[in-house]
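So that you can tell them apart, the chains are marked A, B, C and D in the order they are listed, and the count of residues begins at 1 in each.
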Amino acid sequence: MKNGHAWTLDPEQRASLPTVNVDDLLVAVKYYVDEARAHVRIRDQAVCAACAQQPCLAFCPVQVFARDALGGITVGYQACLECGSCRIGCPNANVDWQLPRGGYGVAYKFG
Amino acid sequence: MHTIVAIKQVPDTSNVRINPETGTLIREGVPAIINPYDVHAVELAVRLKERFGGRVTAITMGPAAAAEALVECVEQGVDRGILISDRKFAAADTLATSYVLGSAIEALNAEDPVDLLLFGLQAIDGDTAQVGPGVATRLGLPLISYALGLESFDPVARRAVVRRKAERGVERLETRLPALLTVEKEVAEVARAPLPNLIRAARYQPELWTAEAPLRFDPDHIGIKGSPTIVGRAYTPPPKTPGERLRVAEQGLAETVSQALAAILSAGVVESLGPVPVTPQQEVSHG
Amino acid sequence: MPDPNAQRYDAIVVGGGPAGVSAAITMAREGLEVILIERGRFAGAKNFFGGVMYTRALAEVLPDFQARKPPWERPVTEQGYWMLAPGSVVRFMHASQAYRQDPADAYTVLRARFDPWFAQQAVDLGALVVPKTTVVALIEDADGRVIGVRTDRPAGEVFAPIVILAEGVNNLLTQRHGLAKADLPPRFVALSVKQYIGLPAKEVSARFGLAGTQEGLAIDIFGDATLGLPGTAFLYTDKAGISIGVGLLLEEFVKHGLPPYAVLERFKRHPIVAPYLEGGEALEYGAHLIPEQGYDRMPELVADGVLVAGDAAGMVDALHREGTNLAMLAGKLAGETAVMAHRAGDFSARSLGHYRRALEQSFVLKDLKQYRRMTDFLDRSPHFMGTYSGLVNDAALRYFTAHDRPKREMEREIVGLLRDRRGFFGVAQDLYQLVRGMRG
Amino acid sequence: MAEPGAGPKIWVFVEQDGGRAHPVSWELLGAATGLAEQLAGGVVEAVLLGHAVQAIVPEAFAYGADRVYCSDDPLLAHYRNLPYAIGVSQLVQAHQPEIFLVGATHLGRDLASSIATRVRTGLTADCTELSIDPQLKILAATRPTFGGNLMATILCRQRRPQMATVRPRVLPLPERQPGRVGELVRAELGLREADMPVRLLGFEPAAGGADIEYADVIVAGGRGVGGPEGFARLAELAEALGGVVGASRPVVDAGWIGYEHQVGQTGKTVRPKLYLAAGISGAVQHRVGMSGADFILAINRDPEAPIFQVADLGIVGDVAEVVPELIRQLRARTAGAQGGSHA
């Protein structure tokens, strides 16, 4: 890291994070799911399998990414909020991220 | 040829939730959409226009905001959108609604003869499936509900063969035209509309018909006055009382499962357990 | 050669957010045939932010905006900061008569309501707003000049001598055209998640001590809200609801494997915060990135036939958490530049360079330039948010409970707290960096 | 008690197909009997249309009809909207029933609205509950609306008959009373085939593999089924129950099964008669997609799983054990039933 510092997260702080069922958040979100096309995809599953942290499992705001039984990453693009975090945050630039086709995807009701 | 599609703007009931604390319906922010069945009715009309030429008119009765739904129809390829909107129509039940739509369709037919009338099977907010059959009956038109697809369509000979979903299978029905079809989603797969359609729709303003103009609807047949049914009471269903819990650990596997199967049977939700014997249906030919 | 039947306009705007709509309004008012292409189901369907919009830039775009009845939630009549520690808060709130003007300086808004209104103003002025259509590529001529866009619809090409890219933070077109070199690294992007909690208007007013919906609060919250990590949480009062969220640099989420919703939920359960939300209906959840790369890492803003505005160009003042106002003014300047280019019949980068110069003269680039070091400051001073919030809370506790002890002792303790947690040298360094960051 | 036959007539449309009555008709006769008891002198009457349907008449008596109006005509051999609507409407106009109940089947929903429009009366669709309003002495027909999120009780104050369609299997099947007799009233249809605008060309009986949206029985799996192989077991169970396979979002995301099987907020909303949730924890996101099911059986190892809050019956146990046992017992039942006759 360029500036050399490393943030440290106090283990107590981490333990203070509550468990959240993301589905309970998503139930209030309106989607127009494009069943014909996934706009987020893994470029190379082997890269994910070799990724030690798999931080996408945590940082995606809607848990689009999940680990399958074989250690690969699956993408539940239907729940995507199109924030772009995975494209930028994947340490291996292994997420192929496009915009959903016009009219599809999330449609905020309040924003 | 001229096709009229009747559509409805509905609250997206799949996005409706109940407040877990109060048990009341959360109405705030429920998006308004075109009734999903109607989208397929519009698509079928547009496909037929592409094949046989002519025009597609979309009509709807609803509040001013329903104009958006008509604009979406124009995006899909509809030529003309008519919004029938007036406070005098408020609280209409299906009888009053079919009067209004039927009268409007008669007027449009006088202007430009109609070959086909399409309705979505039912609206997802009310799920009644009554307005399409009601309009067909008023207009004295042949009705085919639960239409799954057109097997043939001949606007010149004025005949069509329609596949219809019945209780235990699919009927093939020949009808004369004009006819009124209420359609299932299978009737036409929605294609991605071309950009010029969206550009046209971006400036499109649907025509507004009120209770007085351009048609004068009979005040005794619209709104509350024209509606024999009223809502006596509306309530959110009480939260379900959780049912019994059988524990394998306590009762043993075979006994638990046997009890569960008995419960399903006595609830009457399946006619019998095990594959239902199939009675072969005779191929029917008529006339 | 382009199809002679193809759609032709004077200008194409990509994106129906504040930047794009401001550009469309500006050009349409000057008589240009404008097409604005929006990928959402309506302008605003994809737009998401914390909740405060400033009216100064809006007035530049639409001087009579208030007469056009924007769907404001509440005017911001009181604003400030909460320094949160576990179980404790120190509040710095500012209320002033100066906030009680019509129109107010700032309002809370919900974007899926505000943005459609804003786009409608462009439509009313003659612009064409086409929704549900994603622009997938810029069309270039043989010399690389942008002459149109390709969308994801059949018969989906549109041509114009100038394209204004207002595509937002996920600026794929800007990148593909080489105006931005690559995606921003996660340390220059904040990820913000928010919930909109519905509550009766009266309840919102009562809980925050507001006289009615003509009063509103905007609170930014530091410290324990983000587990002491560099970021902010926020709580804004809407008309009949509360917008509550947290934002941290994406890098923090990545590095610590932090689930954003867990951070938000933890914040919502904070004993100081939770009572405000009690009984509310969670009406929506959303997430959005905020480009915080600062002045030095902005993309190129101009090329032949194309201008970039708003989040796509990194026009966010991370320090003051402003973005929509920068976007609006930039959109306006881009629109004006397009109008000038039409008059001159010259759409080259040279001619369009006016846009960059106009931005340099405006608060958009002046502010960004002034705070160019802030990102670096926050980056190098991790203690700023976390340590000081806890410190201030501890100090406050000692200050307010030192009734029966010599006051000197109490003061010594507070100074001691500071020394123990950061060291005097650290504090001095932080202050120096902060001032440098603010002064630019 | 008023003299039988003098009071208001409660009508039930007897739906038949090829001479076989749809059981909803008998369920409705049961309901009509209950309603008639609350109306002074109320009488239960059945309306039967078709061709060569005489055998059904005694059945209607056996299930509670005091009188059967029967229109038997070759034109009515197979259901078509127009002749049925005309035939029934003629009877309604001639005999003036107070209440008229029709099954909310494909046929019934098609027919009832046409009749209501012809006689210009009110019709309440897809009711789940019928009663007599104690004050007004009229039919109070309750139905789910707004995607099942709201119940509405509908009244029809002025016009007659008060019509309602009722979903099959919502009401209990009344006890059959063999040998119970009633009056048969024959009616003439008086229509000509040449005037019929619609002709039936053919019929294809339904095949299996229905879309989950329309399925009557759904066997759905979640993370608790263990993996893709667990879904093979669910498919067997679904087949044994005559249903289809559904899934929760996490397992679709994990690629265990295709998206077309997904039930819930980002998947399909379903309303089957039986929903069997195997290894599904029951997040709200999933529950909104399936809570409209008539009967929910949940299997989960975790006794606190939220799915149990909406389940009519829960089995606390391991899916990997319970599902194979369900299959085994179902197959045993079927094998036992093979000996019986399905004539």
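As a working rule, contacts are C-beta pairs under 8 Å (C-beta built on N, C-alpha and C of every residue); 3 or more make two chains touch, one makes a residue touch a chain.
These numbers were taken from a predicted model, which means no experiment stands behind them.
At the centre of the protein atoms shown, by the Cα-centroid criterion, sits B. Mean C-alpha positions place chain B and chain C at a centre distance of 42 Å. For the pair chain A and chain C, the distance between mean C-alpha positions equals 22 Å. Distance from the chain A centre to the chain B centre is 37 Å, each centre being the mean of its Cα atoms. Annotation for chain D: residues touching 2 or more other chains are 265, 284, 288.
The set of chain B residues touching two or more other chains comprises 17, 29, 192. Each of the following residues of chain A touches two or more other chains: 24, 26-29, 101, 107, 109-110.
Pairwise chain contacts present here: A-B, A-C, A-D, B-C, B-D [touch as defined].
Within the complex formed with chain C, the chain B residues making contact are 19, 21, 26, 28-29, 75, 192-196, 198-199, 202-203.
Across the complex, chain C meets chain B through its residues 7, 35, 123, 128-133, 151-158, 198, 279, 281, 283-284. Note for the complex: chain B touches chain A at residues 12, 15, 17, 29-31, 192. Within the complex formed with chain D, the residues of chain A that make contact are 21, 23-24, 26-27, 29, 31, 33, 35, 64, 66, 68-69, 74-76, 78-79. Listing the residues of chain A that touch chain B in their complex gives 27-28, 30, 101, 107, 109-110.
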